[in-house]
């Protein structure tokens, strides 16, 4: 291959000039977004820190979480803290009194979402969380984590549709089973669903 | 294509050939219970270098590439063996269960994964075991045979405390030079010298309180 | 009217000076010149930093600064404010006096060099007979500043940078001066205004009689540009700074205003040497085509200067950096022989113009060009094509 | 012997000094193999040529060209390197210890953080090791998705590496910005598929986490189709650039024999002329179905390492085109795999893949519990640094920087 010295440099200069000119009119060349003024559309699969889903209007009563602590156990960086509710007699209730996620530790790995048997914890897409308070503001409490199902549907429509369908089917099956059960043995109370989990 | 390449000999055959080639080498084929069932070859430290050289230079093996070197810490294990014996007690023959406990002393292992670049086969897993987990934690360094073991043996030395005899430059590699312990050992206890920060986690707060009280500090 | 516009600044100065008593005039005139030069070129420095950042951004498919003011035009102001309000850190081990003097030693000689540059018709502070000599003599002072900065910082990287800087600047001084000598030889004068005058007029009524349009002038201009890039420590010859190797070389321990002065000095040096290149080869303030001769001369000069700056920015955005030994090889084994041959060609061109030994018209041009091209080929072949060098072909395995 | 001749030219008076492997011809396959007797000898300390002290400089940990927090303690004679000791561990977080304290699945997101440029191939290596350990199968579609994401990862890693390398040579980041422009497009794909741009955490034991969203394949096809144009642009800018040639040819020459013995893997090994690509050797996953070639260097210098990466990107584009065309429908997860309570049988396994930086291996020992008893990462970045001193001796500081750049390290992986 014959190679004239200096030709490679000229080719390089031509290439950068092409990019210079191209950056003004070829849309693929300038990928920069002027962030606070413009924003990229949030992808449907995007995930950033978990949230808790509740049905209905009341975040306290409608919370799907039953405090089974599976996510707390499986969370790789151990950033979830759950304390269960107790009633006056000290009996453990099926909902969390405290549900904290330390998002300064959380790495958005989504494992809590995958292991949750109740579809109670899902990934949020909120990413503008910068704050001046290093400790307090980065510890999300139950009230901050609780988000209505409609919010989840808006963030992840495809996934939420699947979950809703699954939950509806499960509820239907449960209702049918309960009706059957009811018909058979009215006295025997139904076993709590969460205790059947291994 | 590479389907036609000769598969590596079985471990048993390699062992037989090695015993013939390296006089006095103590070799043992270690079974692997996993689905992979990739057995390994244990070699004693005294003959390790000679064995390694044979493995590298033998025409049928040509294990010229040492991919992975690592350590494994096996703690002291208490093994319970239950023996049923018949004994005559009070004129009656009775069956008795006798449980004896004995401690299998722990040891450290250095594991080498060998491949052949020339013949494209492998791996052959080579293991060396130390005598114990304290002063006798010594094995032979295979860095003179495979240069790739240099940093990895240093790492095993650093994190497990296995001394590789014959290593040209055995220093700590990941931890700092003044560090005393070997963090990858199973019985390693974290030093209580972190800079604790306010956290909702009670255990950490308790630890911090202990730590700063011990240090005479006033932070917590 | 156009004549007045062309001589606007000259007349303005004459008027201002005329307003003062005669005893003052001797002092006032150079003061006004100095003030104008400092003002204009410091302003150009600000514009250039913006242009460079925007231009590099676009070359690299980025936007460049666009946050301060519309399209980021106030960015230089923000940069300047930042520089001035930064803490001035001097290492404890540093030689404080030298460390303090180095930035001053950088800027002062460069500003002095502006005295002899003609920025327009009659627009020159000092019409010095040995103007070119003065320029080179004064301009060489910056080398001292680089070494002062590198040595006094007591930092290993800055010492390496200073060593590189000295070696590089002294080596490239030689081809720089020699390429200018060709022009002196032809123009027959060391005075920069008369060198510009020697390029006045047009061949056949349309081609400017600039030196760059002769074979030796073209080669000389390219060589001059290369040497100027090296002199002003610009990429691909930014070894004394080499931020990926020795971080910032002699600048590593400078911050705040002192750093800004170095920065200013470097850019002023770049402008000065570009202005010299324009004066020597590109006809100075002369218009390139006769029908545009009515445009004021300083505007032509400014346009040519901006063109040179754009070229430097373009080079900076494209070229990787050379290595020290390659840089030296390039200076002594490539630039120096070529520039000497160029000198010979220029001498032949000039000396034989009358009796047509070199042919006439296009033949003369081609002959001169051929000599230079052959030299270039031979030298670059020796430089670049060692065995195993050059583009390679690769084999594949399946 | 051409490499040697070039070497003499390059290093002038220093060429005659002992220099580990540098003088040997890199290309010939005959140089290494059985019985070649390539015992490693530490290079003899050169006799000082100048009367004077060596200047000892700690390059790093805060240095713009060490690709992270990494230190090279160098002894300089003028600007020639006489000694070089790499020092690492600044980013050491004992990934292996963390992994031994968490479940098998819990380590998956941590593997993203090893070589944070190539989280998907890290996932793949780990998943492969666990699958070998537990005997899990991978459905066809998941295998294809792994190949697609893995090769996209290779594209972005190589593009960025070349950008960084040229940045180290002093190009003001122009090639780097072009590489990042293309990387953005690939990261957008990753974000749409896995939900994160860099910390993908996408693979699961026996398959993948989610299936591709609607329109993703068309987007990937578009990126793949446009990639060769970017490579052409890159090559126009750099491949015949005289300064790049002068800077990189004959610098950091690594012989094939030393490379194999020192366990160098990946493009660095192939640049030294050794044909060893795990995609061909192990044919893990479904790589035997694709038609691609392995580019080999001849001289083993920085330029060959650069070119091998460029050529590998072109081959990856070929693989991607085939994989995107053939992607079959079907499930993406082995029904036997489970998320919680995953307890492989006691035993050990070693799984390795051809990650963009070299052979990335995971060695796992299971004791039958939910946590691995021993979890070991074989980091290609760390082992490729073994020969750094040999590559740099006798060269200048500026060369050390580009040799380090051509090794392609990520400190997250070196230090773990």
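As written, the chain order gives the labels A, B, C and D, with residue 1 at the start of each chain.
Throughout what follows, a contact is a pair of C-beta atoms (placed from the backbone, for glycine too) under 8 Å apart; a residue touches a chain by one contact, two chains touch by 3 or more.
Please read these numbers as outputs of a predicted model, since none were measured by experiment.
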Quiz item: If you take the chains that touch subunit A and keep only those that also touch subunit B, what is left?
Solution: D
Exercise. Report which of A-C and B-D is connected by more C-beta pairs in contact.
Key: B-D
Quiz item: Distance-wise, how many Å sit between the C-alpha centres of subunit A and subunit C, to the nearest whole number?
Solution: 58
Quiz item: In whole angstrom, how far does the Cα centroid of subunit B sit from the Cα centroid of subunit D?
Solution: 27
Quiz item: With chain centres defined as C-alpha means, what is the inter-centre distance between subunit C and subunit D in Å?
Solution: 43
Quiz item: Roughly how many whole angstrom separate the Cα centroids of subunit A and subunit D?
Solution: 32
Exercise. Going through subunit B residue by residue, note those that touch at least 2 other chains and give them in order.
Key: none
Practice problem: List, in ascending order, every residue of subunit D touching at least 2 other chains. | Solution: 174, 178, 181, 237, 239-245, 280
Quiz item: By residue number and range, which residues of subunit C touch two or more other chains?
Solution: 59-62, 317-319, 384, 390-391
Exercise. Under the touch definition given earlier, write down the residues of subunit A that touch subunit C in their complex.
Key: 1, 3, 5-6, 9, 12-13, 15-17, 19-20, 22-24, 29-32, 34
Practice problem: Under the touch definition given earlier, write down the residues of subunit C that touch subunit D in their complex. | Solution: 56, 59-62, 156-157, 159-160, 163-164, 235-236, 238-239, 242-247, 316-326, 384, 386-392, 394-398
Exercise. Mind listing the subunit D positions that touch subunit B in their complex?
Key: 32-35, 39-40, 42, 88-89, 92, 94, 96-97, 132-135, 258, 260-265, 274, 276, 280-281, 283, 344-350, 352, 359, 361, 363, 365-366, 373-374, 376, 378, 382-383, 385-387, 415-416
Quiz item: Which of the residues in subunit C end up touching subunit A in this complex?
Solution: 55, 58-63, 66, 314-315, 317-319, 377, 380-381, 383-385, 390-391, 393
Quiz item: Mind pulling up the subunit B residues that touch subunit D in the complex?
Solution: 2, 32-38, 40, 56-59, 62, 64-68, 70, 72-73, 111, 113, 117-118, 120, 123, 125, 143-152, 155, 159, 168-169, 172-176, 183-184, 188
